[in-house]
Every structure is written in C-alpha cells, then in structure tokens.
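Consider the two complexes below, in which chain A is the common component and chain B and chain C are the respective partners.
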Partner chain A sequence: MKARKVEMYAFILPGLIFLFLFSLYPTLFTWYTSFRDFSIFSNSFNGLRNYIDLFKDNVFYISLKNTLFYVVFAVGIEFIIGMAIALLFNQTFKGKSIALIFLMLPMIIPPVVSALSFLMMYDPTLGLMNYALKTVFHVSGATWLTDPKTAIWAVVSIDIWQWTPFVTLVLLAGLQYLPKETMEAARIDGANSIQIFFSITLKLMKKIIMIALLFRTVEAFKAFESIFITTKGGPGYNTRTLNIFAYLKGFEFMKFGEAATLSIVMLFVSSFLITVLRKFFSKEG
Partner chain B sequence: MKRITILLIVTLCVVLFASTLAWGGEYFYGKFFATKDDLLNSFKKANINWRQFEGETITFIGNAEPNQESIMKLVPVFEELTGIKVTQELVNEENLRQKITVDLTGKTGVYDAMLIDPGYLALYDKSQSLDDLSVFVNDATITDPNWYQWPSDFPEQFIKMGQINNVQYGIPLHLSGTLMMYRKDLYQEKGIAEPAKTFDELWDHASKLNKPDDYYGIAMRGMAGAGLNMFIWTTFLKSFGGKWWDENWKPMLDSPESIESAKYYSDILKNYGPPGVSSWEWSKILSGLQSEKVAITIDTPAFAISIEDPKLSKTAGKWGYAPQPAGKAGITMDPYSWYVGINKDSKHKKAAWLFITWMTSKEVQLAIGGPTIYVSRLSVNSDPRWREDYPWLEGWQTALMENVKYADPDCRPRIPEYPEIGNIVGVALQEVTSGQKNAEDAMKEVNQKVYEILEKAGYYK
Partner chain C sequence: MIKRKAVLQAIIYILVVLVVLLFFIPIYWIVVTSFKTGADVFDYRPFFKPILDNYQNILQEASFQKYYLNSLTVAVISTLIAMGIGFGVSYGFSRFPIPRKESLSFYILSMRMIPPIVVAIPFFLMFRSIGLYDSYLGLVLIYVAFNLPFVIWVLRGFIDEVPIELEEAAKIDGCTRMRVLRYVTIPISFTGIIATAVLCFIFVWNEFFFALILTGVNRRTVTVGVYNFIGFAEISWGQMCAASLLVSIPIIIFGIMVRKNLISGLTFGALKE
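After this line comes the complex of A and B, so read on.
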C-alpha cells in the first residue's frame, strides 16, 4: 500500500512542481513584494505604505474607472452582438460554413497586429475611418484616439471587433445543444419567437452564457495591446487602465513593489467582478 | 526529377552566395577604405600594442539601430586587429535598458562593454556599477592620446552628458538631439526670408504656413511619454526660462515661465498643427514631413537622411535646417546620444576598453558613413568630403553644430526618478495639448505630484 502511495505522489510530482514554480511561487512572491519598497536600489519592508499610497493616488481611481468602463462596455456589447450573430448562424442558410470561417478571422489575428491596423485606420488624416466617412457619408470624421470623448470608445471597439466572434462561437455551441422539443412545445402553446427567446432560450443557455462572459471579463480586464499600441493610455489618463498603470510602474518606473501592490489590488478587483457575475447567474429562476 | 531538384538547390546556393557578395558592395568599408586591409591598416597609426589581450573574449550589448548595426558589421576587423573575440548582442532599446539595468545593478557582470542611455547614468552611478573611463584614457599602454584625441574631438556638452559628478562613465557614440527643420520652398512662396529666431516668429511662421487642406504649419511630438513629448517640450521649458526644480529640489513646474511654455507648445500645435497631433510620436511626424503634410518641425536631426532621400520622401531637397528659436533664456537643445561604458564587474576591462576606442575611433566613424549616420566626432562631422554625395549636408551640419552649442545635458533631468516624472509630466502636457485641461491647472497639479515622487525618493531628508 505504501509503495502505491509513493507511486501516486511520484506521478503528480511533476504537476505539483510546475504549479509551485509557475503559479504559487510567483503569486506568493507578488504578495511579499507588495509590502516592500522594492526598486532597483532599495529593497526594504515598508508595511502598508504602498497600499496607502495607491489608495491616495487619484490616477488609481481613474484607471479603475477606465478598466470597469472597458470591461462592462466591451463585454456587454460583445455579448449582445455575439448573441445576435449566434442566433443567425443557428438557422440554416446557404454558404453558412464559409461565412462562419470569415466570422472567425478577427479572433485568430494576433492582438498586436489588430491594434496596429486599427491605429492606422483611426488616423485622422490618412486613416480609412475618416476617409470612408467623408466619401460615403460626407461627414467629417474625428480624431478618434486623441479626442478625450472618443478615445476610450475607440479602444473598446477594437476589443469588440476582435472578440465578438469568440462569444458567438461559445453561444452558438450552446444554442445547438438546446432541446428542440421544449421549443416546439412552447410554439404549440402559442408562444412567439420573442417570448421563446427570453423565457426559454436565455434561461436554458444560462450556464453557457456565464462561461462566455467569464472568459471575456477576465480577458478584457487584462487587455493590453489594444490600448498600449494605440494610445499608451492617453490622451491624458483617458484610456489608462489598471493593467497599463501596472506595466508603467513595473517596467518604466522600475518600482517593482508598487507594481506588485497594484497587481494584488487588481487580483481582488477581478475576483470581485467574477464573484458578482457568478452570483448573478447562479440565482434560481 | 532528382537531378532537377539538385540543380535547383545548387542554383539557389550560387544565387545566395552571389547576393552576399553583392551586399558586401563597394562601400562596405566606407567611402575612404577600399578594402578590409585598408581599414585594418589605418588603425596601426595608433601607438599602442593592439594585440596585448590576444585570446580574450568580451561580451558587448548594443542597440539594434542603423549606426550600431553598421559598426557591428565591422567587428571582424577588430577581431583581426586585436585577436580579441567579441560576442555581440543587439536588442531593441527597451529591452536593452532592462537587460543592462538588471546586469549592472545585480552585479552579474555578464556584459563587459555596453551601450548606455545617459538618462540611466545616475542610476548606475548610485549602484556603483560602471567604471571610471578616465583611468583608461590616461593609461598610455592602452590609449594613444594623439590618435584617440579625447576629449578634443568630441563636443563638450556631449562629454558632460556622459558624466555624473565629474566621473566619466561613457564615451558618446552619436551626435543628435533636437533641431528645427522647415520647408524652404514654402518659406519662399510666402515670402518669409529666414527661419524663426524667436518663439514669436515661430508662431507667426506656423500661422502663415498653415493651409489645413494641403499641409499644416507645424507638427511636434504630442504623444505623452518621458522620451516622446518630453524630448521636445523640455527645450521649450528651458528656453522660456522655466526649470524642473530649484537647487533644493523644489519642483518649479508651476512657475509662470513653465506654464507659459506648456501653453505655447500646446497652443501652437492646437492652432497650426495636424488634427490628433496629441497622439503623434516621431514616426508620424517623419511620415508627415515626407508626405508634404508638415511645413515646420522641431525634432531629431536624424530625420534628415530619411526626408532628403527622394526614394522615401516627396519633399527631398526642399528642407532647410536651423538652430531652435530663442526664448527669454536663449536657445536650448536637448542632446541625444548613446554612450559606451565598461562594467565594473567585468573581467576583461582593458580588452573592453580597446573595443570602445576602436568603436568610437575616427576610422570606424568614417567607415560607417560619417555625419549621415550621426556619429559623435567633430572632425568626422565637419569633414567636407561627404558633401558631394549629400547636397543637403552642409546646411544641416552648420545648423546642427550651431544648435549643439546650446545643448543642455540635463534638459531631461538625468536622475533615476526621471522615467516616472517624465511620464506624469508628459501626460499633463498631453492633457493640455488635447484640450482637457488648461496649462495652469495641469502644471500646478503635476508639480505637486513631482514633489511627492521626489519626497518619496528621499530628496528632502
């Protein structure tokens, strides 16, 4: 028996080592670092100073607000559009499989490339966006990335363009496994399509919707390329998210302690978001 | 079938081999050295024993940019000359800063010689990780003063930028910074006789040259960043009589002069610059200059080689160059150069020093292209032999050498906290340029933040 136990542990040991080295140790080290004044030439314990400074810094609150804005609108709109497209693709029509391939394209483009392409398209003088607006609709465009009113929407749009297909794909998979009998029964009872969608489809899809939203929330929370490449967080602080702020603190200001503190706070914020999401979806009814 | 495949492979090999020969080209060893031996022998003028460290290996890390890459292609010449083997690593700027910082402050001694961003010198000084180069310069066994001509052949302000507290940590590799560039043809068209000497004139010229349907009066870096809008605006700050802080480190960014400079910089861009200029960084400006969209700019003189090349630029041959406008406190240039230095933890310091003297020698600077690749030596820069190939060079050199006289090594302060300070002040300036805040509020607010950063770093103890 004992030999068997040793054998068992021997088998899970590689997994454990991997987890410890690449997941547990870095997390613990980040916790440890977050209580230290840790930069290139200082490394000393400074208690809660990093946390206090962070919560006193108005840039933190601006970044938090921007992050939440980004997550809520990017994921929200992706869900609405994604659902609409998934419903469309749940029907049968000619050329569906080819259309599906084209739909998936944005997702397989590396985020860096899509951000660079959008950067060019948003250019006020040479970009496609304003050119199209001018020639097709005869309206003058905007300075998308530098106008404080449009900048955050411009970066959120990149996320929406890129990740709506993902939401579509997950939801479509869910739609295809819905029981046909329930729908038919409802239809016989006289329910119209809208009623069926809201009272049956959405309810049955709850788990799958939650999965799609969870994945997207986590990803949108740590969005980086779409923002860093196009605006670097500007103009001013208009598109600076927590992730960009942490990058700046760690890699440009070389303040590793403060960056760790911010990362820990980000961990809590994202856990909070996910808990809210799960609570919302696990309610009965 | 098999024979055809073999034939194809052989042909391909021949073509590839031939193309490497073609790439070697006639100018591979520069305009003044016909063959490798010519270049090699030119070093024999130096009265030192080049082969005294034969058999040693040194590791060098540099920046993957044209100047550096051209030098690295010549490394076999150095290896043949000295018998020292050079292991080289070229990476991009950001990567370079991180790698060096980690190596120097962690005292790992991986790199013997390295390229250093002068903005980080203070940091390396604080961690005591670079060697004082004056020891090597004054050692007659490894430096021939008549051949190396230090310091007389290097611009004074650039030498100073390689020092912290009078200790020479680096030898300048480049001669670059900021310069005013303007479209001569448009100036003539509008009857403007000469480039702006003051900021009032600059404003006047930008307004006259602004025809938004065709081109914009002026474009300068608007994107926030310690090396983006800060690179240009700080020259305005200093010229307007503003400063970062007083002698007790009390931030002075809320002084009337500082506020005025931020206001002027933003207003001139808002009024006569392209739309969205607050997200422009150097590449946007360069393409604006090349595509006839911009009439005046203040940016790096390194643009010249790209805007004067008819293959790359519609505006080749139309550019004039001039020193920057003077404000209340005169002209200010923000100098820019990378520096080569020696790791204090290196085990091959003297061999590394030979490599540095070779790298920054007149011969190498001539071989890689002289002033067209912004090298640091005065004698190479003023060498008239380049002018027949590049007609714009004379005007550019004259303006640049005049502007260099006003170079301020601390235009962007060389303190370890600068990256963070540069970032927040850059953001504040961008807030003004993009119209979110007025200059006064933005500068007052950021002044307080700069104070907090300095306080935290222990400047007021």
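After this line comes the complex of A and C, so read on.
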C-alpha cells in the first residue's frame, strides 16, 4: 500500500509542483504587490491606498461599464445567432462537414489575425465596410474605430464574428442528443416548431446552454486582442475594459502596484464566474 | 409533399451558404489582399492580376523568418513538456485515490481560466530580474504552465476511457507499471493524446498576450511580429495579409485535423462529442 502511495506521488507531484510555482506563487505575488506603491520610481508598502484610489477613480467605473457592455452584448448576440445557426445546421443537408469546417475557421485562426483583418475592413477611407455601405446602400460609412458612438460596437463585432461559431458548435452537440421521440410526440399533439423550441428544446438544453454562456463570459471578460489591436481602449475611454485598463497601468505606465490591485479585483470577478461554471461541470456532462 | 420538401431543402441551402459566406468574408479578404500590389489593395474590382510579391518580400524578411522559427520552437518544446508532465498528473488523477481529488482538479482548471493579467506582472518583473525576459526558456516555462491545466483535464478524460481491467490483466501477466503504460494505456488512448498535443500547439502558436509582454526583438513570436506591422507609419496591408495567412495556415491544417475534438477540448472536456 505504501509503494502505491509513492507511485501516486511520483505521477502527480512534478506537475503539481510546477503549477504551484507558476500559478499560485505569481498570484500571491500580485496580492502582495497590490498593497504596495510600486512603479519604476518607488517600491514601498502603502496599505489599502491602491484599493481606495481605484474605487475613487472614475475611469475604473467607466472600464467596468465597458467590460459589462462588452460581455453582455458579445455573449448575448453570440448566443442568439449561435443558436439560430445551430438549429439550421441540425437539419440534414449534403456538404455539412465542409460547411462546418468553414464555420470553424474564425475561432481557430490566431486572434491577432482576426483583429487585424477587422482593422483593415474598418478603415474609414479605404476599408471594405464603408465601401460596401456606399455601393450597396448608398450611405456614407463611419470612422468605426475612432467614433465614440461606434467604437465599442466595432470591437464587440470582432468578438461576435470570432466566437459565434464556438457557441454554434457547442449547441449543435447538444441538439444532437435531444430525444427525437419527445419532439415527435409534441408535434403529434399539435405543437408547432416555435412552441417546441421554447418549451422543449430550450428546457432540455439548459445545462449545455449554461456551459456555452459561462465559457464565453469567462473568456469575454478577459478579451484582449480584439480591443488592444484595434483601439487600445480608445477613443478616450470608450473601449477601455478592465483588462485593457490593467494592461495600460502595468505595461504602458509601469505602475505595477496599481495594476496589481486592479488585477486582484478582476481575479475576484473571474473566480466568481468560474465557481458558477463549476456547478454545470460534472463529469457526466 | 415532395415539392414542399424540395423548397425546404433549397431554403436550407441558401441559408447555409449565406452563413458560411458571412463568416468567411474576413478570411477571404485577407487571402485576396495578400495577392494584391500596394496600389490595388483598396481597389474593389473583383478581377485583378494576382501577384506573389508580398509573399516573396515577407519570406525574405529575416525578422519574419526568425519570429516564425521562434513560434515553432517554443510551441513544439512547450507542448512536449506539458504533455509529459501533464500525462503523469492526469494518469494519477484517473487511477489513484487522491484526497480531495475533484476540488483539486477543478482548482487546477481555474488556473487556466483566470485572466492572464493576474500573473503577468510577477512574471514580467521576475523574468526581468533573473534574465528570462526575451528568452526561449522563459516563454517555454510560461506556456507549459499555461497548457498544463488543459492537458491534465483533457487527457484525464481519455485515460478514464481506457478500461482499468486491461491494465490489471497486463499487471497479472507480470508487467511493471511503466510497461503497462507503454503497451496498454498509451496505445489505447493514442488518438486522444495526439489530439491534445495538437490543441496545445494551437494554443501556444496563437497566444499573444504573454508573448507581447515577455519578449523583445530576439525571441518575439510570430503573432506579435504580425501585430508589429501596424506599428509603422504606413501599413503595408498586402504584406501584413500575406504574413497573417502564413501564420494561420499551419493552425488551419491542425484545426481541421482535430476538428472532432475541438469543442470538447475548448470546453476542457465538459462536453463530449
């Protein structure tokens, strides 16, 4: 029995020690830094100062609002479009596997490439977006990324393009497991497709829908490339999310203490989301 | 009835084509632009003389070659290490009665889900002070840590599927644990192991944030290299698109290879297809 224990530790310890050193330790270091006045010029303990300053900072609330906007609209729209496409792809048609490969591309190509292609299409004078608007609808376009009214929608659109396919594929996996008999029975009883969708499909898929939504929420909360490459949080503070704000504090202004404080706040939010996700994450799946 | 079915089928086809087109436009645009001259880039006429100049230029660019090689090196090495260490942990979790197993394993998973910024500052400061900034070793360590939780979770799913009776039978026949692993467990779960490794490679190759903050000109990876195109006063869109495509092609091939495991991988095994 003792030999078995030694064997067990031989298997798991190298990995666990590595993870401890490279995840837990830095997280603790960030905690520690969050209580310090730490920049290029200074490094001293200053208690709760960073936290107090952060909660008094107007830009923090703007970033929080933008993060919320980004997450709610990106994930919400991804769910609606994703579900519609999943229902479409749940029909039988020839060439489905090819179509699925095309649909998969946005989420596997490097996020940097996606963001750059949108940057090109959003270009106000020469981009595809304004060109299409002008030739098809005869309306003049916009300066998508620099206009405060459109900037956040422009970055949310990148997220939607990139991740709707993920939602579609998750939901499609769920749709395939729905009991056909229940659907047939409801149809014979006179229910139409819309009734079946809302009262049977959605109910039976609750768990899978939650998994899709929560995974997307956790990811959208830390979205980086879609914003950093296109607007860097601008114009003004219009697309500055918490993640971008923390990045700018830490790596543009080298205010490590303040950036750490904001990171810890983000850690709390994200831990909460992950705890919720755990409830839907049983091995029976 | 037959007529109605045909109409329905036609509608489905039209919708599918529309959806696919909509999601393909940005990629199509990259492909087309990569074959255009500087003057043609924003000329929208559908027919133009495709040129290979952008590819020739970018492939001859020494820095692009270097970044590409950096990405390849870092992705391959960190994937191999993460798979090696991760296999041990996932095998242990699958076969041994580890105390508080499920809490511990979910805790491991949450390390992967928290925002990278939470660990970015310590790594940045630490790497600067011990000389790991802009080094292969630093990047490899980061990416092993980044992929370990993923490997542990996804591989465990594949190992769980190997019947424990087979392992025990081999043991009764006198096999040591190592031989059991080599001749029973690993061969049976081999496709799963390969799929996991390919997904690891994709994650590292696509990664941008850590590469951005932890590398300088020497060990810059190719995603950061492509991003740097927009740092210049005038963006050479044609070259940027050619570079983007060259960066995406290996990932597209790998992605198609593992498409059956993609969704269960991206949800860390929460969904099995």
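The rule is simple: the second predicted complex is superposed on the first by the 265 of 285 C-alpha atoms of A that agree within 3 Å, B and C clash if a C-alpha of one lies under 4 Å from a C-alpha of the other, contacts with A are read in each partner's own complex, and residues count from 1 in each chain.
Just so we're on the same page, contacts are C-beta pairs under 8 Å (C-beta built on N, C-alpha and C of every residue); 3 or more make two chains touch, one makes a residue touch a chain.
Note that the coordinates shown come from a computational prediction; the quantities given were computed from them, not determined experimentally.
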item: Chain B or chain C, by number of chain A residues touched; value: C
item: Contacts of A:P148 with chain B and chain C, given as first, second, both or neither; value: first
item: Which of chain B and chain C A:L128 touches, first, second, both or neither; value: second
item: Which superposed partner A:F251 touches (first chain B, second chain C, both, neither); value: both
item: Contacts of A:P110 with chain B and chain C, given as first, second, both or neither; value: second
item: Touched partner set for A:L202, first chain B, second chain C, both or neither; value: neither
item: Touched partner set for A:V276, first chain B, second chain C, both or neither; value: neither
item: Partner chain in contact with A:I40 - chain B first, chain C second, else both or neither; value: first
item: On chain A, positions contacted by chain B and by chain C; value: 123, 126, 251
item: Sites on chain B touched by chain A in the complex; value: 94, 98, 101, 105, 123, 126-127, 222-226, 274-279, 291, 293, 416, 419-420, 423, 427-428, 430-431, 433-437, 456
item: In the complex with chain B, residue positions of chain A that touch it; value: 40-41, 53, 123-126, 143-148, 231-238, 248, 251-255
item: Chain C - residues contacting chain A, complex; value: 9, 12-13, 15-16, 19-20, 23-27, 29-30, 33, 41-42, 44, 85-86, 88-89, 91-93, 96, 98, 106, 108, 110-111, 113-126, 141-142, 144-145, 148-149, 152, 177, 202, 205-206, 208-209, 213, 223-224, 226-227, 229-230, 237, 240-241, 244, 247-248, 251-252, 255-256, 259, 262-263, 266-267, 269-273
item: Chain C contact footprint on chain A (complex, rising order); value: 4, 7-8, 10-12, 14-16, 18-19, 22-27, 29-30, 33, 85, 88-89, 91, 93, 99-114, 116-121, 123, 126-128, 131, 135, 161, 164-166, 169-170, 173-174, 208, 211, 215, 218, 221-222, 224-225, 229, 243, 246-247, 250-251, 256, 259-260, 263-264, 266-267, 270-271, 274, 277-278, 280-281, 285
